[in-house]
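Got some structures for you, see below.
In the two assemblies presented below, chain A is common to both, partnered first by chain B and then by chain C.
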Partner chain A sequence: MNALNEYNRIFRETFGVSEDALNEDFTFNGVAVWDSVAHMSLISSLEDAFDVMFDVDDILHYGSYFHGIEILKHYGVEF
Partner chain B sequence: MLTGKVCIVTGGSRGIGKAISQVFAQNGAIVYAVATRVGSVEEWSADFNQGVSGEVRSVYFDISDEKACREAVMQVKRECDHIDGLVNNAGVEFNELIGMISRINMEKMFSVNVYGTINMLQIVSRIMGRQENGGSIVNIASMTALRGNRGQLVYSATKGAVVSLTKSAAKELAEKKIRINAIAPGLTNTDMMKQADPEKLQNRINNICMGRLAEPEDIAKACMFMVSDLSTYVSGQVLAVDGCTIM
Partner chain C sequence: MKIRRIRSDLLASNMYLVAEDSGVLLIDPCRAFDLPETVRPDFVFLTHEHYDHISGVNLCRDRYGMPVICTARCDERMGNSRTNMARYFEAFCRMQVGLDAEVPADFEPNYVCRADETFEADKEISWRGHRVRLLLLPGHSPGSSGLWIDGHLFSGDSIFARQETVLRFPGGSAVDWEKISLPKLCALPPDTIVYPGHFDPFPLKEWMAYL
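Let's turn to the complex of A and B:
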């Protein structure tokens, strides 16, 4: 499994966006559809796909597309 | 009744938790009995597993340690791929009269009875929420939560919190097909009860309409109902298992 492809797929499906939209502007505060429900859905999909379980602090601070990659690296996911 | 189900039982090495683990395994479940003292489950599980259709496995961690909870739950998920039942049974009890309530004991009771229960509920529900059939969580409360009791101000407060969090969690997690219920045991015949003053104990038994203490198996069977598919439309409830006690 290519981690980045999988990561992007989850973002595309969770938020209904194309891959072009996944950039530094794709943040919790900057994307209207990224509400708390979508956030928990994103977290759930990521945990399932990468077989990890996030710390609550990481869930709360998971604020952007790029920051999420850094968080996943802490759990041993290689991008 | 529980064949094919994977369950976690905290405080599963002795007392009510041991009975829950055993009854579940007798009814076909794979049970992860959680304890803190390494080896305490194996003291009985190896022999016990020979004669049952399910299996009791051990897992050792402190439920008030969120990171340890997360790692243990992930271990169960990796081994079995699903988690169908959780019984939050682990608890700490210190009985102290008002004016003699120790801060250390109070923090210990809230840490295990409330925070530990929330840790496990929060982590396991994230796994259950991704499963097609959700899951069932049973929290062990106490009749003292509903009625109060002399010398149990803090303990009853922690169990009152368990009742409240059960009802709130049931409402929040119903859409994910996760049921949350509580069992409120009355006076139960555990090792702790054997140390009680016989005369005082008999006075309390006199208040039980059924005329006897609950056996741990009585509590375990109520838990089995809540975890089984017999209770698929039951959530947010507190079931008293107290032999009809007049408190």
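Let's turn to the complex of A and C:
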């Protein structure tokens, strides 16, 4: 599994966006469809796909597309 | 028949007690409630598998020996703290209410429970002389259902007055909602009173007018 491809697929499917939208502006505060419900769906999909269990603080601070990659690296996911 | 609502401390979800004669059925039991010794606890019905609606299931079984009924998908998913959302509950509350929101001290992030009886298609049962319809209502979650009795619908989180149904939680499905649940709900008597999983009861026709 290519981690970045899988990561992008989850973002595309969760938020219904194209890959072009996944950039530094794709953040919890900057994207209207990224609300608390979508956030739970995102976190659940990421945990399933990468076989990780996020701490509550990491769930709460998973605030952007790029920052999420850094968090996943802490859980041993290689990009 | 008497209906009583108890609002839980988990996102103010509604638990209902439906009483007839000396018997009572519980819908979406929360963690903190007591039944008078004089009532006979008949069964528990669950509208769906999310933690704020199932947190009292184990208590009901342990304290009152009540059998628990829900859809097969609900049963399957509430047996896992990820699919019943208990694992995400604290984070979700903090995002909803604020990062410094207090989560109940006895909140259980690893909470799981199981049913005693499940159904995979709509069915009717008899309860103390009443015809009770159990309706599969997938959409908000795969295991969602409703209980209809004598013009009263206990809808869980499937419908709310003047509010769109949230279909985006993990496992939620807009396709199932539109193909399976919506037509079924629209075919119910418009005079039905809806007892939702949050907020106050409302007439079904009010929801129909909002569609």
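Following the convention adopted for this analysis, the second predicted complex is superposed on the first by the 79 of 79 C-alpha atoms of A that agree within 3 Å, B and C clash if a C-alpha of one lies under 4 Å from a C-alpha of the other, contacts with A are read in each partner's own complex, and residues count from 1 in each chain.
In the analysis below, a residue touches a chain if its C-beta (ideal position, glycine included) is under 8 Å from a C-beta of that chain, and two chains touch if they have at least 3 such contacts.
Note that the structure is a prediction, hence the values are computed from the model and not measured.
Q: Based on the shared chain A superposition, would you classify chain B and chain C as clashing or fitting together?
A: Aligned on chain A, chain C clashes with chain B.
Q: For A:D51, using the defined touch cut-off, is the partner it touches chain B, chain C, both, or neither? Pick first, second, both or neither.
A: A:D51: touches chain B, not chain C.
Q: Going by the contact rule set out at the top, does A:H39 touch chain B (first), chain C (second), both, or neither?
A: Touch status of A:H39: second partner only.
Q: In the superposed model, which partner reaches more residues of chain A, chain B or chain C?
A: C
Q: Of the candidate stretches 22-30, 94-102 or 166-174, which in chain B collides with chain C after aligning the structures?
A: It is 166-174.
Q: I'd like to check the shared interface: which positions of chain A are touched by both chain B and chain C across the two complexes?
A: On chain A, the overlap between the chain B and chain C contacts is residues 44, 47, 53, 56.
Q: With touch defined as at the start, can you tell me which chain A residues reach chain C in the complex?
A: Residues 36-41, 43-45, 47, 53, 56, 59-60 of chain A touch chain C in their complex.
Q: Can you name the residues of chain C that touch chain A in the complex?
A: Those residues of chain C that touch chain A are 82, 85, 87-88, 90-92, 94-96, 99, 166, 168-170, 172.
Q: Quick one: which bits of chain A touch chain B in the complex? Just the residue numbers, please.
A: Against chain B, chain A makes touches at 44, 47-48, 51-53, 55-56.
Q: For a test of understanding, state which residues of chain B touch chain A in their complex under the given definition.
A: Spelled out, the residues of chain B in touch with chain A are 66-67, 70, 73-74, 78, 122-123, 126, 129-130.
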